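Going in written order, the chains are labelled A, B and C, and every chain counts its residues from 1.
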Amino acid sequence: MTQNSYTDSNIRWIYPLPAILFVALLMVFPVLYTTYISLTNWTLTSGTAPSFIGLSNYGQVLLEPRFLQALWRTFVFTFSAVAVEAVLGVAAALLLNRVFVGRSVVKLLLLLPLVATPVAVGIVFNLFYDPTIGLANYVLESLGLPGSSWISHADTVLFSLVLVDVWQWTPMITLIVLAGLASLSDEPAEAARIDGANEWQIIRLITLPMVMPVIVTAVILRLIDALKTFDIIFAMTGGGPGYASETLNLIGYKYSFEYFRMGQAAVILMVLFLIVLACSVAITRLGKRIER
Amino acid sequence: MKTTLKLGLAMAVTMGLSGAALAQTKEIRVLLANHPYGEVLKAAIPQFEQQSGIKVNVESLQESQLTTKLTTEFATNSSSVDVFMTRPLQDGKLFAKNKWYEPLGGYDFSDYPANTVSIVTYDGQPNIVPLVTEWQVLFYRKDLLEAAGLKVPTNFDELTAAAEKLNTGGLAGFASRGKGAAAVTQLSTFVYNFGGNYLDKGVAVFDSKEAVDGIRYYGKLVGSYGPRGVTSMSWENILPLFQAGRIAMWTDASVFYGQLTDPAKSSLGADKIGIANVPAGPKANSPFYVTSWGIAMASQSKKKDLAKTFLEWATSKELAAKAMEANITMARTSVWEDKAVTAKVDPGLVETRAFVAKNGNPSDRPFMSAVGEARDLIGEIIIESINTKGESPQIDQMAKDRAVKVNTLLRDTGEYGQ
Amino acid sequence: MKAVGLRILFYLAVVLLALIVLLPFLWMLISSLKTQIDIVAWPPKFIFSPTLQNYYKVFGEQDFIRYFINSTIVAVFAVGVSLLLGLPAAYSIARFSQRRLAMVILLARLMPGISFLMPWYIIFSRLGLMDSYVALVLSHVLITLPIVVWIMSSYFETIPLELEESAMVDGASRHYIFLKIILPLSGPGIITATTLSFIFSWNNFLFSQVLSMEKTRTLPIAVFNFLSYADIDWGGVMAASVAIMAPALVLTMIFQRYVVSGLTMGAVKG
């Protein structure tokens, strides 16, 4: 009994302790270790022990055009993908937010892209995009339009990858917004309708403002996930052609596991880490504001 | 003093004992590549185990994973690998520099062409036994060339003319790899035939006029007559297109000949597919002829005797002859001189090999430790050249800039000017 | 009349939407039933004689059954460990409103996996744990643990406090209450957490790509490697893609309600 009372009074740290230790061991420690490596000249293949070189890796990597382009590209990819997803996702949610035959089937369909293995999705889209045998160009050409090079050309590759992300993750915004819409009360909309407002006015002036907090949360979550996109890019282009679709994630992977330049790779990882951390802090701030 | 001696003795005894214990288990760990010769070995290993009483633990890995795995295990000193397949031109410099290969002083290299041995020799001793060689060839569609009234091109002018004539809506006149780093090996012959090179005595020289001419010509040919999206294509993308009858001519490594004619994958018959030497360039006629795969012992191996037994068996003449029947082009000279063996090999392979054995260049990429990074850098120039059909005014500047970067890589690893 | 027109327009839009979502899945399925010759045909063939040879190749000649088993082992253990660590933590977070604690665990969900991967890679190689189930499961738990904590802490909050209070009055310990009262009431939450964590472990590519090799190779890596094993065998790759997606899709169909609630609760993605 006494032991029980000890557990009882200390349960607030005994219960979470194993989970916290686990996270500390697998996440916090590696981040500290990465910080340390970023200050050394370590190359796994050099055969020599790492030596401390201060911030010179940072100077070197942060000024490297290839890195800066990847940084910029990461933002372009993230923002364009999420912008399209937000618009389409909200539109689809508004469209589906009514009673109709087959609603449950459509909702199930929307779930499928979310749980589909990203690597396999990437490979399927590769077959789609193949300029010589792919369905995408067949559709374009049957519509009388010129075919595209899709992921095979530097000018179109990023756009093509954004499309894949849009296909896979728009449903997430739709489902979240649908859930948000379901929790709204009908009263304001009904009142407006009685006052003679048309559907478009109701959506624009009443429904959208009411679900805005939900939309914002969904968009921020998507932003963070889109920043981290790795699988589809790695599977579809490996960062190519050339470096044309290399994002921070990709360049970090290449520096670590293809070039084995651990010190410089660590710098890239730190930058990526800090960007995502900043976004996460923004989320919590925003979450608090929405709660109020 | 006495205690030290005793301690030393005790240690020697224990080590001897543990050595004996290890020998009793007679087990080795072997890493193979997902390569046709790897398959040949895998299939024959049970036989070896029976003869020798050595148990062989085999793992097969895809080539880039194999390099990664070996690099990590060796670099972190955590390896239990005894024997492994390796790519002399990709891994060689790096592994040898870090002394991850066990020098093969006692091995009889007399049956191997001198240039295949010299490229695996470090500090006067060969480190790798060459297994498989490959060289660049021109695959072409006999029926299409005939219908167009064309002869098989023998120089670059004829090649351009043929590609242009054969190129129609649904058919690419000419294809070769366009995917940056992967294309570097296939570009090499073009650079050589224009009189250029990637490296010369440890210095990047692919910004020379000759090399740039080669890069421009390659870009013009592949960009103008290649399949759409060629800048994301390596051999694995081009091969199915050729099999589907969408490509008239294709330059790539000789190893693909067997697959090209596989009736399960191609609606074309073997009789429609020809193989020839890569056409000559304005300055030279020297396609790459390289040892694509070799096999080596790990210097970290604790069972070198057993490893050596395995190595001798895995590189034996009998296995080489057997592999030749499957159109795997082995490095050993004697199997190519043995009429009984060559009778079973495709004559196109025999002929093109005879040519490259005399005239070939033993490297198809910048031969250095940081070869992966160097290939990425050169790959950028290739893509620019293909995208602009060799016309881009930037190519010279890019070549200069990338050469500087490759020189930096060479300096980083202490290979510059060597 | 106008209403009917609108209705038709609405259904057209819905059908179009469904088609766009379905098309990649359908094309994958169709291509997996084609021979290589049919796949590379131009224009693409919509009528062809289907074949199962690609599936035979994937499961017969390639070692996909083994990769299937590997994926299952890793996912099952990752989910198990996450529940073991995550359920008590989630309970504590819910009961004592430990938001900071929740944030620390959720950071693992938000952070890019690659920023931990390099140190793991070095440490696991030093420990000789590369290509081991232990390393893979540990890395996957970092994905699945936050999912469990996130979903379960929200779920525990919905269980009325009165239940616990009356049990405490009867002299039951916290531990007893958690095990015998709270957990049995949490079935739906646990199903949600388990399904989603299983799917995200199943789909993980990056961690397995770096930490697994021949022995512990999971399905996503096997599918990817299949691409470069030989010339692109589109039919085989598509059959492999069907095989890898099928379990996640089937699970989703069975537990649709739970998956939706889990995903929309905070939108979880690995």
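The criterion applied here is as follows: a residue touches a chain if its C-beta (ideal position, glycine included) is under 8 Å from a C-beta of that chain, and two chains touch if they have at least 3 such contacts.
Computed from a prediction, not measured in an experiment: that's the story for all the values here.
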| item | value |
| --- | --- |
| Pairwise touch network: line, ring, star, complete, or other | complete |
| Chains linked by the largest number of contacting C-beta pairs | A-C |
| Approximate Å spacing (C-alpha centroids) for the pair subunit A, subunit C | 16 |
| Between subunit A and subunit B, centroid-to-centroid distance (C-alpha), Å | 38 |
| Set of subunit C residues in contact with two or more other chains | 40-42, 121-122, 227, 234 |
| Sequence positions of subunit A contacting 2 or more other chains | 132-133, 257 |
| Multi-chain contact residues (two or more partners), subunit B | 72, 76, 241, 244, 246 |
| Touching residues (chain side subunit C, partner subunit A) in the complex | 10-11, 13-14, 17-18, 20-22, 24-25, 27-28, 31, 39-44, 84-86, 88-89, 91-93, 95-96, 98, 101, 103-105, 107-108, 110-123, 138-139, 141-142, 145, 149, 173-175, 178, 199, 202-203, 205-206, 209-210, 219-220, 223-224, 227, 234, 237-238, 240-241, 244-245, 248-249, 251-253, 256, 259-260, 263-264, 266-267, 269 |
| Of all residues in subunit B, those that touch subunit A in their complex | 68, 71-72, 75-76, 94, 97-99, 178-180, 227-233, 241, 244, 246, 369-370, 372-373, 376, 379-380, 383-384, 387, 412-413 |
| Parts of subunit C lying in touch with subunit B, wherever the complex brings them together | 36-37, 40-42, 121-122, 125-126, 128, 130, 213-215, 225, 227-232, 234 |
| Interface residues, subunit A side, partner subunit B - complex | 43-47, 130-133, 147, 149-154, 237, 240-243, 257-260 |
| In the complex with subunit C, residue positions of subunit A that touch it | 4-5, 7-8, 11-16, 18-20, 22-23, 26-27, 29-31, 33-34, 37, 92, 95-96, 100, 102, 105-121, 123-125, 127-128, 132-135, 138, 167, 171-172, 175-176, 178-179, 217-218, 221-222, 224-225, 227-228, 230-231, 234-235, 249, 252-253, 256-257, 262, 265-266, 269-270, 272-273, 276-277, 279-280, 283-284 |
